[in-house]
Amino acid sequence: MSDTMTTGTPLVRLTDCEKRYGTIIALTGVSLEVHPGEVTCVLGDNGAGKSTLIKIISGMHQADAGTYEVAGEPVRFTSPREALEHGIATVYQDLAVVPLMPVWRNFFLGSEVRKGAGPLSRLDIRFMRDTTRTELRNMGIDLRDVDQPIGTLSGGERQCVAIARAVYFGAKVLILDEPTAALGVKQAGVVLRYIMRARARGLGVVFITHNPHHAYPVGDRFLLLNRGRPLGAYTKDEITRERLTTLMAGGEELEQLSHELEGAAAADADLGRVAEELEQDVAELSGRTAPPEQGA
Amino acid sequence: MSQAADTAAPSPPDERLARRSPLARLLARPETGSLAGAVVIYVFFFAVAPPFRGLDALATILYASSTIGIPAVAVALLMIGGEFDLSAGVAVTSSALVASMLSFQLTLNLWVGIAVGLLLALGVGALNGYLVMKTGIPSFLVTLATFLMLQGLNLAITKVITGNVASPDIADMDGFGAARKVFAAEWNLGGLSLRISVVWWLLFTAIATWVLLRTRVGNWIFAVGGAQSSARAVGVPVRRVKIGLFMTVGFLAWFTGMNLLFSFTTVQSGEGVGNEFLYIIAAVIGGCLLTGGYGSAIGAATGAFIFGMTTQGIVYAGWNADWFKFFLGAMLLGATLLNLWVRRRTEAAR
Amino acid sequence: SGHGGKKAQESAADTGAGKANTPRMKIAMVTHQAPGDTFWDIVRKGAEAAAAKDNVQLVYSNDPDGDKQATLVQNAIDSKVDGIAVTLSHPDAMAGTVKKATGGGIPVVVLNAGVDDWQKVGALEFFGSDESLAGESAGTRLGTEGAKHVLCVLHEQGSVSLEARCGGLARTFSGKTDKVYVTGTNMPSVRSTIAAKLKQDKSIDRVVALGAPFALTALQSVKDAGSAAKVAAFDMNPAMVKAVQDGTVEWAVDQQPYLQGYLAVDSLWLYRTNGNVLGGGKTTPTGPYFVDKGNVAAVAKYAARGTR
Amino acid sequence: MSQAADTAAPSPPDERLARRSPLARLLARPETGSLAGAVVIYVFFFAVAPPFRGLDALATILYASSTIGIPAVAVALLMIGGEFDLSAGVAVTSSALVASMLSFQLTLNLWVGIAVGLLLALGVGALNGYLVMKTGIPSFLVTLATFLMLQGLNLAITKVITGNVASPDIADMDGFGAARKVFAAEWNLGGLSLRISVVWWLLFTAIATWVLLRTRVGNWIFAVGGAQSSARAVGVPVRRVKIGLFMTVGFLAWFTGMNLLFSFTTVQSGEGVGNEFLYIIAAVIGGCLLTGGYGSAIGAATGAFIFGMTTQGIVYAGWNADWFKFFLGAMLLGATLLNLWVRRRTEAAR
Amino acid sequence: MSDTMTTGTPLVRLTDCEKRYGTIIALTGVSLEVHPGEVTCVLGDNGAGKSTLIKIISGMHQADAGTYEVAGEPVRFTSPREALEHGIATVYQDLAVVPLMPVWRNFFLGSEVRKGAGPLSRLDIRFMRDTTRTELRNMGIDLRDVDQPIGTLSGGERQCVAIARAVYFGAKVLILDEPTAALGVKQAGVVLRYIMRARARGLGVVFITHNPHHAYPVGDRFLLLNRGRPLGAYTKDEITRERLTTLMAGGEELEQLSHELEGAAAADADLGRVAEELEQDVAELSGRTAPPEQGA
């Protein structure tokens, strides 16, 4: 947990955070820092507590123990609205959209753009529709109709709306909970590019993903969680791509899987072929042999 | 509206969209179905009931609809916001009772009573909203409790103060004339009596429609009703919106109460019970979802009109009063099925 | 299968009267009846009998809510009827609209409720029983019978006429009067609530129900509570006659609803065809009329037919 | 139950779970909250109202609760399944009227009328369910229409057939004795009158609980109410389940109707209106969600008991009758808040 | 669209399928075959119509045009129940769980296991709880409590329940709509293993994914969709891994992305480092240079 890389107060600092749902302890003893112009990756198995952690940052939940500081000031958000007012924008894993509402209304929900003054102040519908269409087109999503209820969009389209919205409104901190899960290769690429841009503009980014190929290139800090506890926190200097991948994948398990399949292959030639392929994948995932490929 | 998008991105027609005629596009609007129901019922009674044909009959129907329709507008907004208010019916009576008894007992100008009645109605709304948001108890239960308590207070306090079950007559008190002009004026246009409550009804419907579709608050109302936790997650002030909606119901209940008071100069303390369901029924006929997140103020107005028209139409037609409820149920079912059929047709007509 | 049933009932004769040959006219009767109330049924039968005799088309409508009932009167005005018979149970809510009718030249008579207000709205006549008076007579009678503590059962809260009956009773009754509200549309709850009240206060020795069906249910409550209270009632129905005959119900205060309906329609017809006005500007009382063991036999026959 | 899992996988206690005392575990059961409300209200009236203390008072209260509680069981199942039935109250009256008038008019054995009444009640339920599923109109509207139509039919047909507004007395007809024993028997145990409807109520509650928690259909009921399209996606026969639920409401409405008929020997045709809300209220007090997918039959029974106890308790306490509704509302609110508080406490006590 | 590889009637055959939602044309002219012992991958951009296609197969929707045959017999499913009765089990993209119900009840929903006979037949709760726990543990998900409402599980845990359920009940055809989207590396490996096993047992599998690393090793046939139309259908023989990856990724776009970032790198050294890394990723994704690595 080195503080070597950056100086100055972090945008967001959580210390020794704990969260319980009734008797369920979802998170305990977790600390996290987000610095301007840095990407903090939170990695971990399913159910490790990643989403719970970011929900605390975004004001959806309050921690049961631990402290939370924004720009050095201790805070206690009782609603996401307060976090938003501090410039913290979030893409939730469940996307937080209102299914029956049109796409553009969802895009601007909570941050509507208005024109006119006083009692005549009203929504600037044309601007919001156009912006929604443009922002989504930039992500590679060409909507038929921004007036479609968002509930009728495909999973990936819906995720793109949530991301485009957060990117559009994110002022200081951008939190992304598995943003690329349902996305096509092209759209996922765009999201990575967005993260780089936000980083370049000096925003602090929290990025949750299960894909080490996405995490390593863009991340500056890595926080690993396991069963609600921190497994380790590293800056990029302190960890190699291989080590990270192994930690994430539970590398041994994947190897075991391919061995198992090979065993079965004795009985079924066809299966053997696939086992071979998987083995290659494993090799590629958890310990690449060509060192010159690695950057930095 | 679709032009706005087209100018922004002048693209060739999307090959993934089937073409649709302008008529089909009009018919696909959510209000069209319930409007069709209203028109068909109107035509039906026009055909079978000669007294129904006169303009004076229309005035009567509009008036009857307006007394349901005014609170129904607020109830519809609340239902779009995902909550119920069972206390709306008796809140109407409560505010009228308070306004008249306070002014009468203390011999004050009526406007003082009117103002206190407004405060009370808003207070009840705020209390409902606060309890719902604070405790998380379903609004059905919270407002059921306030419904019963208000009903009890109406009866008991009226009894204690007046020794009677109705409020005293206030026709000769200060401020009556002006207040009547505002809340319950009646114009006689060549034998045709037009009532101001109809005008107010249309006005409130228009305002509510504008708020729902053209303002930020409207966006928030749809959002808190459609997916409360999502709305909260993107920064909608859910609590304020919902309390505001309950207070809106309080406001229009008060308004209806004033209409009642200045139309009839006194109020029965037991009145209003059961009307809360008429408001909900009007909203539902007009297409509001009971589960929240969907509906329109125009729909609620249409629903009130359908209900008012059917209730009066059966009387104008002179059908046997014993069968009244049966006809009412059958016509409502018919109107709803027609509404549905229109929507299905327009969806099929691509 | 042999007992009871329709076969046992088939004995009633019908009222066969001659028919007037005056021109057909249309009369609206607008009451504050709540759906399915026995009492109003008898009123309607009276009205229908008169209508049949007088060659009148009777349009009946009803709503227990004052403002909605007023709208029904407006409906009648819009329909250009030849006369309106109306109840003024919510006089203030109704006054404006009824005045509109009388002002517009439609003759109006008032029945059943509105004894204090019918003249103010410009109606011609009033047929009915003064509810306070009926209550007072009942109170007096209870006092002479030696009752000490009376329970007044109101099957609707906030009703002027029920309150008037109870109020009248309390005024003239020498002992103590208590009251209890029950939900008229839920018989089991009526039964339990009266029983609870009787348990709560063991000194109650009389139950006066303000509607016939509720008096019969009160009998069961008395049994449930193990109370010795006797039961009396307002208004009649066939079962009530039997109960009075059996002596399970002491007496019932009848206001002769048939007469109210009949006179209302007939008087409008008389006014329209011959300019007659009944009562000389005063109310025409149709009650109170006590039905007890002494006179029940005379009433029984008609009650079975549903006209008493 | 947790033992079953432990035997399957004898693992060390999970470090991700806080320990919880057995008491806390008991308190965390969904019924505990509403039971706590019932107990507190009972103790309260026990303290303030001496007549309330006797066993006979308890018998009266149980009887009053059972007439709400029996249909409330079915209404709760329906609400868990995500639908409403506003016609339940008048369906009670309809089946009683049909049973008595049919037998009377045709001078048949009463059991014939009883059977026909049952068919009718099931038929109305099936019709409600079919219309809701077929058309997609919200059940609130569909059953509102059937409510009005049944109400009209009750009044009109009774009038046409008997010339009267009540059904004829059937006390002297064939089969009355036996039917009374089944539907409305009353045992006198040393001055204490115990009514069979209470036994039936408990039985129906037990069966419904068993069905909900231990059978396949129960699983399906929760699923169709909690997420209809998900349930459909994994192969739950949504339509059959929902129609079945509406028919269950019909069945228990019929049963309540028979209880009514054989307790009072005649039925007023206007009865039952408004009772549908009592059933819904009982279910909601007992913790059923209006939006479906959550609730219990025991909860509904507790809700009916709380409602019955409060209604009667206020009378036993001899409080001023004018304030009745006010007290009722206040007690309901109190019971609900207590329920909530208990649940919050148990959640906090980890 | 070769039928060379397998003979015999396919388990499922869709021909010239079209689906509209109101005016929206989601799918048109699409054909698909599922053969026993084969994995058919459906690939395509966000909104291409993949989920719509599988919803038709699973009986959730009916096609507006085209024919649908199961084992050679023309069918017209009006509900998913009918498809299930034909042995077709599906993992939907939205998972189709009932949030308020316990995990084990969701697992067995619609296919409850009972004991006892006649009116006393009741749920075999112990068996179902144990099975749920075991099946999830096999996927690498160690639940605290199978009585937890499924709505309180994490996104990945929820997805694992849906997959385990389909695998447990799938009899002839197994349809998986982006099953690995929210999964950790370990769990995703398990799912791939499941697919191989189902294939080995002679089931027909339809597998939707955005990850070419997952699709190529396990797939036998590939159907590519674009904007609701078929872009191509290939057997494994007819397409190389590179070609598939390029088709899926819109390979040019990804390359362009890395060039763009490199351009920006002139101004920002830090960004340059990431661009370099991304470029390596691109190289790796869309055209690997070491031919011996490829199987078959």
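All chains are identified by letter, namely A, B, C, D and E, in their written order; residue positions are counted from 1 within each chain.
One rule holds for everything that comes next: contacts are C-beta pairs under 8 Å (C-beta built on N, C-alpha and C of every residue); 3 or more make two chains touch, one makes a residue touch a chain.
For reference, the UniProt names are A, E = ATP-binding cassette domain-containing protein; B, D = Xylose transport system permease protein XylH.
These numbers were taken from a predicted model, which means no experiment stands behind them.
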Centroid-based (C-alpha) most distant chain relative to chain A: C
Pair exhibiting more inter-chain C-beta contacts, B-E or A-B: A-B
Far-end chain from chain E, centres as C-alpha averages: C
Centre-of-Cα separation between chain B and chain A, whole angstrom: 45
Whole-Å gap between the CA centroids of chain A and chain C: 75
Distance from the mean Cα position of chain D to that of chain C, given in whole angstrom: 35
Chain B residues counted as touching two or more neighbouring chains: 16-17, 155, 320, 324-325
Of all residues in chain E, the ones touching two or more other chains: 24, 94, 144-145
Of all residues in chain C, the ones touching two or more other chains: 35, 157
Set of all touching chain pairs, with the criterion as stated earlier: A-B, A-D, A-E, B-C, B-D, B-E, C-D, D-E
Footprint of chain A on chain D - complex, ascending: 15-20, 347, 350
Complex contacts: residues of chain E adjacent to chain D: 58, 60, 79-81, 84-85, 90, 92, 94-101, 105, 108-112, 114, 121-123, 125-126, 129-130, 133-134, 137, 144-147, 165
Of chain C, residues touching chain D in the complex: 1-7, 9, 34-38, 40-41, 157, 178-181, 183, 185-189, 191-193, 195-197, 199-201, 213, 216-217, 220, 224-226, 237-239, 306
Complex interface listing, chain C residues touching chain B: 35, 59-62, 65-68, 70-72, 74-75, 77-80, 90, 92-93, 95-96, 156-160, 163
Chain E-facing residues of chain A, complex: 21, 24, 44-47, 51, 93-94, 140-141, 144-145, 148, 152-157, 159-160, 178, 181-190, 192-193, 196, 200, 210, 212-213, 216-218, 248-250, 253-254, 257, 260-261, 264, 268, 270-271, 273-278, 280-281, 285, 293, 295-296
